[in-house]
Structure formats: C-alpha cells, structure tokens
Amino acid sequence: MRPSGRTAEQVRSIKITRNYTKHAEGSVLIEFGETKVLCNATVEEGVPRFLKGQNQGWITAEYGMLPRATNTRTQREAAKGKQSGRTMEIQRLIARSLRAAVDLKVLGEYTITLDCDVIQADGGTRTASISGACVALYDALNGMVEKGVLKTNPFKGFIAAVSVGIVKNEALCDLEYIEDSNAETDMNVIMTDDGRMIEIQGTAEGEPFSHDELMTLLALAKNGISTIIEAQKTALSIAS
Amino acid sequence: MRPSGRTAEQVRSIKITRNYTKHAEGSVLIEFGETKVLCNATVEEGVPRFLKGQNQGWITAEYGMLPRATNTRTQREAAKGKQSGRTMEIQRLIARSLRAAVDLKVLGEYTITLDCDVIQADGGTRTASISGACVALYDALNGMVEKGVLKTNPFKGFIAAVSVGIVKNEALCDLEYIEDSNAETDMNVIMTDDGRMIEIQGTAEGEPFSHDELMTLLALAKNGISTIIEAQKTALSIAS
Amino acid sequence: MRPSGRTAEQVRSIKITRNYTKHAEGSVLIEFGETKVLCNATVEEGVPRFLKGQNQGWITAEYGMLPRATNTRTQREAAKGKQSGRTMEIQRLIARSLRAAVDLKVLGEYTITLDCDVIQADGGTRTASISGACVALYDALNGMVEKGVLKTNPFKGFIAAVSVGIVKNEALCDLEYIEDSNAETDMNVIMTDDGRMIEIQGTAEGEPFSHDELMTLLALAKNGISTIIEAQKTALSIAS
Amino acid sequence: MRPSGRTAEQVRSIKITRNYTKHAEGSVLIEFGETKVLCNATVEEGVPRFLKGQNQGWITAEYGMLPRATNTRTQREAAKGKQSGRTMEIQRLIARSLRAAVDLKVLGEYTITLDCDVIQADGGTRTASISGACVALYDALNGMVEKGVLKTNPFKGFIAAVSVGIVKNEALCDLEYIEDSNAETDMNVIMTDDGRMIEIQGTAEGEPFSHDELMTLLALAKNGISTIIEAQKTALSIAS
Amino acid sequence: MRPSGRTAEQVRSIKITRNYTKHAEGSVLIEFGETKVLCNATVEEGVPRFLKGQNQGWITAEYGMLPRATNTRTQREAAKGKQSGRTMEIQRLIARSLRAAVDLKVLGEYTITLDCDVIQADGGTRTASISGACVALYDALNGMVEKGVLKTNPFKGFIAAVSVGIVKNEALCDLEYIEDSNAETDMNVIMTDDGRMIEIQGTAEGEPFSHDELMTLLALAKNGISTIIEAQKTALSIAS
Amino acid sequence: MRPSGRTAEQVRSIKITRNYTKHAEGSVLIEFGETKVLCNATVEEGVPRFLKGQNQGWITAEYGMLPRATNTRTQREAAKGKQSGRTMEIQRLIARSLRAAVDLKVLGEYTITLDCDVIQADGGTRTASISGACVALYDALNGMVEKGVLKTNPFKGFIAAVSVGIVKNEALCDLEYIEDSNAETDMNVIMTDDGRMIEIQGTAEGEPFSHDELMTLLALAKNGISTIIEAQKTALSIAS
C-alpha cells in the first residue's frame, strides 16, 4: 500500500485550473496531489538571435521553486545570484518537451515563454510543470488564433509527463516525495497522446536496473500519461 | 469615481487565506483586489553572524515577483543573476516593518524569514506583502508557543501597510495599478493598531507636495490601515 | 547638549567646494561637519532605452562609499561583485530627488549622471549627497547653457535634504553618526526652496512614532533645509 | 554508408592513453575518433558538508570545453562568468554515472573529482567523458589501495557510455558531430559490464519515437558499450 | 618642451597630505601634478587563511577609480559587478610592492589593507598609488608601535614608484596623461631608497625598445624616485 | 646543478607540435620540459567596438589552466564564476606581446583570438603560452594569405618569452616550478628575433635586486629567447 493509498499504477488526483492569473496569455495551476505548479505562457513577438530570419518561432521555459515550496526552506536563487544546475536541467527539459508539441514553422516569428513556478512541492514538480505547461501553451496558441494573429493553430497534439520508479523492488507510477526519495530507480517519461516518446530519462539511484525493469516502468508511464492527457482534455472541454 | 467603483477612502476588498501551503510555519495568501501575494514565514534556529551571542532573534524578508505577475513579462531575477534595486528596497522595507511587530529579545536566537512572492500584481504589492506577512508571522509565532519552543509570545501587536496617493488632484487610498501609474504623489504608510507610525515613505512623482496634502494622505492611510488590521484579526478569529 | 555642541535645530557647519575635480561638468565637495561627499555631474548625449524618442532627458545617480570612509573598513563593493541593498536604495533616492529639480522636457535627449562618493562618513551621507549633487547639477546645466547646448536652463529650483530624528526623546536636526545610531526614529526629508516636499522617509527604529512627533520632525527639517539651500546659493553666489 | 565508413552498429576507433598528465591521481586522454577528452581524477580528503559524519565518500565531476574544441569558437565560460545549462547538465550526469561504479561506504571520507575537459569535439563528448573518467577513476582508486590509504578497493565494476540515435530513419551507434546534428532521435545510454542500465536519456529532436525504435536503440547501445568496456580493460591490461 | 613645461627628467610637483580622512590608521592624499589619489591604510587583526599559523603578517591592496576621475565617465565597477583586468593588475602590483617595504615576520598576525582610490586621473595613477600608500603604511605602522601593539617597527625602508617612457623618441620621466597616451614605450619602476629595484614593468606600445633605451629609462627612473622619496620624507618630517 | 641537470643558461627541451587540434586556424602544443600549453588561434571577421571603422585588426588572448594542471587541484574558474587577477594579468600580457608581432593595419578588420590553455604546469606557463601562441598566430596568418583573405602577410617577425630569475644567489634561465617557487627575483622577458624588448616584468620576491643583477638576467633572457625562436622556426621549417 502506497502512503497515499494508491495502487502501483495510479497517478495522484490531478486538478487543472485555467486562467489562474489574469495577465498571462495562458495561465494554469496544475496540482498532482500536493504538488502545485503555476504554469504561465507568455507570447512575445520576435525570436532569439540564433533563429532570426528563419521564419519560425520558438518555445522556451523557465522553472523556479518558491523558497518555501519545500519542507525546509531552500535559498532563493535570485538572492544567491545564480540558478542551480538542477533548475537549468529542468527548464531545458520543459522547453525541449513543449517544442515537440508545436509546429514552429506555423508559429512564425513569435516566442512563447513557459514560466513554471512551484508553489508547493511534493515530488514530480518537473512532470507536473510539463503537463501543466502544455495546457497553458494550448490556451496561448488558441488565443493567438482567436485574435487573428495566427491563421492556423500550430499545436500538434497533447503531451504529458510522469515520473515512474522502483521503490522497494516495486514499480510505481507518479512518485510523491516520500517515494521519490527512496527510489532505487527513477525515470521521467514524456509522451504524446498516441504513446510515442518525446523524452525518457531514467537513472539508477542505487543498483543499475535491468531491461525488464525498464519495460515495466515504460508500461506504467504510458498508462499514467494517458490519464493525465485525459485530465488536460477535460480541463479544456475537449472530447478524448 | 475610481476605476473599481470605490470611494476615495475605500480600500479594495481584502481576502486573507491562511495555511495556503503546507510546509511553511506560517503561510498566507493575501489579496488586495487583484493583487495577490503569497507570504510564507519560515522559522529557523540561529541568528545572522552580526547578532551572535546577543540573546535576541531576527526577522528578515525576501520579496519576489513571478515573471508573469505583471502585465508584460518581467525578466526572472534568478536568470538575470541579480535582484533589482526595487526588489532590494522592498524586502528591506518588509523586514524593517515586521521587526517592529516583534520583541526580538523574547524571540530568542531564532530567525524568521518572510518570503513574499507576488503571484499577480495590480498595484500595492509591497503593502499587501507587509499586511499579509504580519498574519503569517503571527501564525508562526503562535506555532512556536504551541510547540513549547517559546514560553512567551513575542508578538507586540498588529501592523499593516497601505499606499495612498494624489491622483488628478484627489487623495486616494489603496491605489491599484492604473491609479498608481498616474499618481502625482505616492506614499506608503505602515502603522500599528493604535495609529502610530512605523514607516512613512512619500514621493512626489511630479510636482512637490504640500504640508496640507501630506496631512490628508496620512488621515486616509490611518483609516485604511484600521480596515486592514480588522481583516487580519477576522482571518485569525481575533475580536477587534 | 549635542556631542557637537549644537542646539537641537542646528545643522552642522556646511562647506561647499565647487570645481573640486577638473574633468566633471559639475564637481562639488560637500561637507556636513565631518561627513564629506564628492558629487560629480556628468553630461552625456542620449537617454536610456525606455525613454528613446520621447523628447526628454534623464537624471540618474550612483552612490559609493570608499572602503575606509567608515570607522571600520567596509568591504569594497566592486571587489564583492555587487552593490548592497543600502547602496541601491540610496542611489535610487538621489536620482528621484534630483529629477524633481529639473524640467526633463527642456533638458532634451541628454542624460546627467550624478556620482556621489563618500570620502568620509559621519552620518547623513545620503542627505549630503542630495544637497551637494544639486549644486553639481546646477553647474552642469549652466555649462550646457553657456556652451549653447541648451537654449533654456531646465533647472526648476533648489532642493536639499536633511535627516531629522528622535534621540532620547528629543527631536534633533541633521544627525551625526553617534546620534543616528542611537535614534529611536530617523527621517530623511527632501524639500524645495519654498517648503514643499519631494520625498519623506521616516522609520521607527524602536517604538512607533506618533503624529505629533512627525509634526515636530517636519518642522525641524523645513528649518534645516532652508539653511542648506542658503549655503547652496552662497556657494553659487546667488542672492537668497 | 556513414561519413566515417562505419557500419550502423560500429563505434569509432577508441584510444585510451593513461597517465596523460603527471599531477592527477588518474589521468586519461580518451579519443572516440576525432573527439578527444582529457579526464583527470583528483583524490582529496574530506567530503562535502551534506555528507559530513556519514562515513562515506563522494564522487563529483566538472566538465569543460576548450573554446576552440569546436568548429567555431565557443565563448570561454570562465570569461562569461558562468557555466551554461548544458555544461551543468553534463557534469551532473558524469558524476551520477560514476557514483554507480563505486561503493561510497568503502571509499570512506574521501572526495574524488573527475575533471573532463574536451580538447577537441566531434560529437559524443559526454559519453567519451564518462567512459574515460571510469578509467581515470579506476587508476585513482588503485593508487589509494597501493598507497595503503584504502584497504579494500571500492570499485564495483566498469561502466561506459555511448550515444545512439536515429538519423534519416536509420538507427546508428556512437554518433559523430555531423550525424548528431541531423539526428531525429538522440539517446545517451550508460551501462555496466553486464548490460544493466545506469542512466538512459532519450530525446526526440523532431518527431516522437516509438517503442520499437527505443528497443532498437537500446540493443545498439548495449553492443557499443560492450566494445568500449573491452577497450577500457585492454588499456588497463585486464582480461575481459 | 613638455606640455607642463618640465624638463625630460623632472617629476611633476608632488604634494602629500597626511591624515586626509579621520578613520583610517594611515590616510594620505598624494598629488602628482593633476593626478590625485587617496591612499588609506587599514590595520586589522588576523591574516588570510593561507597564512594562518605562520607567525607573519600580510599587506594587501585594493585600487579603484571614481567614475569621473577620468576625462569621460568610466563605468563604476561596483555597478558592473566586476573589477576590470586593469584594476586587478594594478592592485596586485601595489600590494606586491609594499610587501617589499615591510618585514612580515616582525609585523606578526596583522593584515594591512591599502585602499588606493583615484579622485582625479592625469597619468601615473598606479605609481602615485604606490608612492602615497608607502606613507600611509608608514603612519599605520608607527601608530601600531605608539599604541604598543608592536614592539619593533617592521618598516624596512621607503619605496616609491615612477613611470618613465619614450615619447617621440625622447625619454621622459613621470608621464602625464597626454604623454602617456602617446608613448612608444612605457615603463613603471618601483625602487628603494638606495636604488635597488622592487619591480620593473616595461612595455613597448609600438616598436620594441633596445637595451640602450632601457638603460636611459632606468637612469631617469632612479633619479625621479629619489625626488619622490625625498617628498615622502619631508611630509613625514624625516631628514633625508 | 639544477634539478633538471641543466646549466644556468640552458632552457628546457622545447617541443612544438603544430596542428594539434583540427578546428583552429592555428593550433600548437608547446612543451617547455614538463610544462604543456595548448595554443589555439581563431580568426574571426570584425573588430571590437572601440576599433570599429579604423581600418585595422586586433589580437586578443585568453588564458586558462585546467584544474588539475597543477600539483594540487585548482578550482575551476568557470565554476567559481570569475577569472582570478593572475589569469587576467597573464592574458593581457599574452595579447599585448603578440600584438607587437603583427602589423594591425595590414591585418585589416579581423580579430585573432589566442586561447592558451595549460594542460600541465611546471613553471613558466605564461612564457610558454606566448612562445607557442606566436607559432599558432603565424600559421593562422599564413592560412589567411593562402586562402586569399589577405594579400600581404601582416606578420612582422618572431617573438618569444622566457622567465629568468635569481635562485639562491644564482641567475638562472627558464625556471621550472621548483626553482620558481624559491626565486628571490623573478623576471619575464619578451623579445624579438633581433634582441629588442617587447615587455620586461621583473619582481623582487624577497630582497630588492640591483642594477647588476638586472643586467645578468637580461643577458640570460636574450640568450634563452634566441634558442626558443630557433625552435619556433624549426617547427615551421624556416631557416634561421
């Protein structure tokens, strides 16, 4: 029995609140159980220098953790004067994943920035960020179409992320903090609607893991992601 | 008539949600109309070096603005690698104000950090921060007493802050963004329950202001602060 | 009796030396008793990006403290790699105050930078900076008119700053260091020639202060500022 | 036919030079074709603060790229004043991987730092770094045993890393730069001697990849890694 | 004829004002013509970590330039967030030179910091810094003896610095800015009282310089330094 | 007898490997005994802002030390976030010296960056850097002529650098680390082919040095430099 009473394959209860703040072009509070992340999408004209004149858009992301999102207070990165390696790694992952959801050629010379700020952390903040940012991105792109800024919607399909892992020899889906910190193997999987993979990152925290374990984890991930994408669609009133 | 339909002396509707996040010793979401600030209080043992061995505690504060709390996206300070002068000025003000609410000798060698993070900005983020942080601080101190960490509660009394200003020759209380950006004179006042002043900061944005105008603004501030302190007490179920 | 033998309302002896260095367009050494600040005004063509094309000028300021201006050595900010919150707060105040002395539309697309560097500190370095910078600014603007760069002088009138405070229950004007470090309430006031206020910043260091105390302090400040403006005019050979 | 004339499953020619520099406790130049990385292992007493008193050692890593290791010059990170997100991500990966090769309890309170500096880059610098660092680490641990610093060798077994990817619909092993920059899917795999996984990071650069493609890539990786581990053992004169 | 009417071997008029500020243990304003540098010596207990327990003292130095010490405004290093290579080079030179004037064993575990801040620049700021810092150091060491902190004075003898150079084929002593910026060869020499060298740094700005030219420059430097050391002694009322 | 068995005037065995890496326009590994420095020359179009429109080129340099080039590990400057004063001083020296070898007018609006990275340090890394960078620069300039980018070769003649010093009262040429760290006087000399000086930097580490000692050191340097320039020419197959 998991601490939250879930079965091994169950994801936590997911809550997606759209239009959470009023200024952003897409603004989503996503909750995976006790993990709460605010995902804001900002649309701006222009692209970074390395893309100038290539007739395509760009998706970028920034990730932050409020100092007291965590159990004990984490030092504020703005005060320290630099982002940690972990933060950089996560925001690179978020951006890379969401770029897979968009046809950048159709987007044209616009940049969409996805700010994922963790309000409360209980494991899986990067997967919640990606899953929530996808909805914020959807709203932002839709808004561009509605305002006539874009003729065609460059959205290619829903993507979502989930963490899976092996804890005490059992493969579990959507680890919460207490599970995550005891995992022997920890894997983040980002997939599309139809079960194809965008990113897979698996790490043996202790012992190396076998090919069979990998297969079990991937199956769990696929199942969990399909539940999350359903929740995304429900929040957007889209039939699955 | 003000944009929000308020009279000149009216503060915006105030909403105070306690225990907004689960990890912090005090966690308050304060809303002044559309301005929303999350104020988390963290209790840690020990004091900064300059206070070592002086048998007293310390209150400090950090302030941040989520990049898309504002109408157009503001660059993330953690990514830029430094906090702006405005941020530093505000967090120094918050800390100084809240220290006036606590008997540091009674607190003993503990440091309380007040993290004020703006989720959505619509004017008055520093005054909302101070007013919300006071409630988070109250909860944190109470918790210390309940756990037996402190024998006596070092809380000296409620404080709150409000902005007042002259807009198109009219003195107004609790400016929202659209008013604030048109103010000729802008003043932040932090007061105690009984109308004494902790801090007053008035700035002529355009023309200098006269002694009479200052008197009018102070009267408005006093009135607004008494309403805010009432809201603090209501949130804490304390009779006024 | 104050340490310097002054009465409660007396400002320290003020000495203003113009053309203190040879390169700056305005260069003033101002001394408030033992506090000595070098205020250099630099005129440069162009304005910061946020003002481009608005047909107006800009006044900015930077503040620094030589490491051994203080009783014990203060770490050099250039070596530390960042300016402290205190420094940022002071230089923002200096710039804001001096902007009130100039008609930025008449100045046109020029930027004047006021560098205030403390050579020796004994309390009141920010008020000395503002009061000295006003004279350096005056010289710089006059120089622009003399060279034919400007047709009309954008100077709107003298401004000066003074600190007032309550020390051992007595309200005092122009605090020196030993008084300042014992003040219960500390206030910096910036006023015009005719007694109107540009900025007022009052802080209760210990107990909150009352409305009556505020009134007493403001009266002291008004009186002190009028003496300082007289000294500015004398230094510039302008009849009061 | 691949640019280098290799078959799809072939790794580039691998050259491992031990004792490449004289100061480090382990010093290896590893070459994967034209990619050359210098991997130095440094043994130091003590552990980072978060491990103090836990009777275990630590393995950490730093990664750098000489400015002209690349086709066009890359800005020097020391001059820019910060490490890029890519650098941080890679050095975290190297450290995590090598920790899996060592029994940290047996190592005791020592820290081994693996500096991987790219002398010449032609794709696969992170996998070359890990594969070379493993040999440098082996030499450093052996040295500790020889000097009597350690009684038991904490080395748990060889690990190596390889990149695999899908280029023009073909799955290839050990991508060189020209292949890597055209890959539709790019995956880095770190494995043990016996085919178990330590880390797997797969990214769809363009289209998402399918479960079947993942299986193909993993098989290629397993095969490549076994060749690399053979090369490691040959360099160390260990029978496979 | 030089711009200042000096002969080739003449140094500028030197003015040394001791006790220029009141807080520092040694405080000297040195003027070489229009170049003005404030040199403050600070005595602090303790030594840097790398000298702990070695029973010796340390001399260090920091150099700064007020933004408007120069003809056009130089950006403030504290605002930029780092010291330039030129600043670092100069402060390392000042410290190294002054260490040659002190017996660090006799000084014991004290650190003396020499802050050299350029108030006005007209060439030769580093040589003026060294020459002035020597007097400030002398005063600081004497003060330590007078207060009984030291029994023996660790001062080993006066040192001074001068710049020499070749301008339009003529060798000149103590270059002012207009000469310095046209110099073909530029050399800074630091010598003792008795003509021995502590540091010599010569640079060909355009054409390389010959052995004969070097000899001429060294003779000029020796002569100039003897004049400067005389001025140091006069300021200190020491018979030459 | 010197530790390496050399006579006082002998330089260490010099090895120059051209085309050491494949991407740079000039790439030289230079070895002075155990000191090994990789010198890469990069040619880029354009010049720094301060030279725009002056019809001339620029030579700049950057210097780095791999963390384990030294006996004990040195902290990585990219990780620390800033270059040390020593690094800045050295790279300024390298750039200044090599500029003396090139006619910048003939180079035209190109910038050549010389990256000198120390692979293994055993004294004299800065002189090896300069001597190696001269060969890399030569190759880069030749390449520009061969590709038709330049019509005339702007190379003015070979330069080289050597360290000389006084160790235990004996003047020695080309100090290795163990000698360097015991030197009473340490001097770096950069000269041309025909014995004229480009830069001379001499420092008394302990006692000041006399004019006679300087003469002896310069003679040693001249002799050593002529050997190094011979080695440069041999590597380039140029008759001396």
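So that you can tell them apart, the chains are marked A, B, C, D, E and F in the order they are listed, and the count of residues begins at 1 in each.
Just so it is clear, a residue touches a chain if its C-beta (ideal position, glycine included) is under 8 Å from a C-beta of that chain, and two chains touch if they have at least 3 such contacts.
This is a predicted model, so every value here is computed, not measured.
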Note = Hopping only between chains that touch, the fewest steps from subunit C to subunit D number 3
Query = Equivalent interface to A-B, which of C-E, E-F or B-C, with over half of contact pairs matching by residue number?
reply = C-E
Inquiry  = Let me check something: if the centre of a chain is the mean of its CA atoms, which chain is farthest from subunit D?
reply    = C
Key: Angle of the C-alpha superposing rotation, subunit D to subunit E, to the nearest 5 degrees   = 120
Ask   = What whole-Å value do you get for the distance between subunit D and subunit F if each is reduced to the mean of its CA atoms?
value = 33
Message = Based only on mean CA positions, could you tell me how far subunit B sits from subunit F in angstrom?
response = 59
Note = Rounded to the nearest Å, the gap separating the Cα centres of subunit A and subunit D is 28
Residues of subunit F touching at least two other chains = 81-82
Remark   = Listed round the ring from subunit C, going first to subunit E, the chains are C, E, F, D, A, B
Request  = Could you pull out which subunit F residues touch subunit E in their complex?
outcome  = 82, 85-86, 88-89, 91-92, 96, 100, 191-192, 195-204, 207-211, 214, 218
Request  = Provide the residue numbers of subunit D that touch subunit F in the complex, in ascending order.
outcome  = 21-24, 27, 34, 36, 38, 40, 42, 44, 62, 64, 66-73, 76-79, 81-83, 87, 113, 115, 117, 119-121
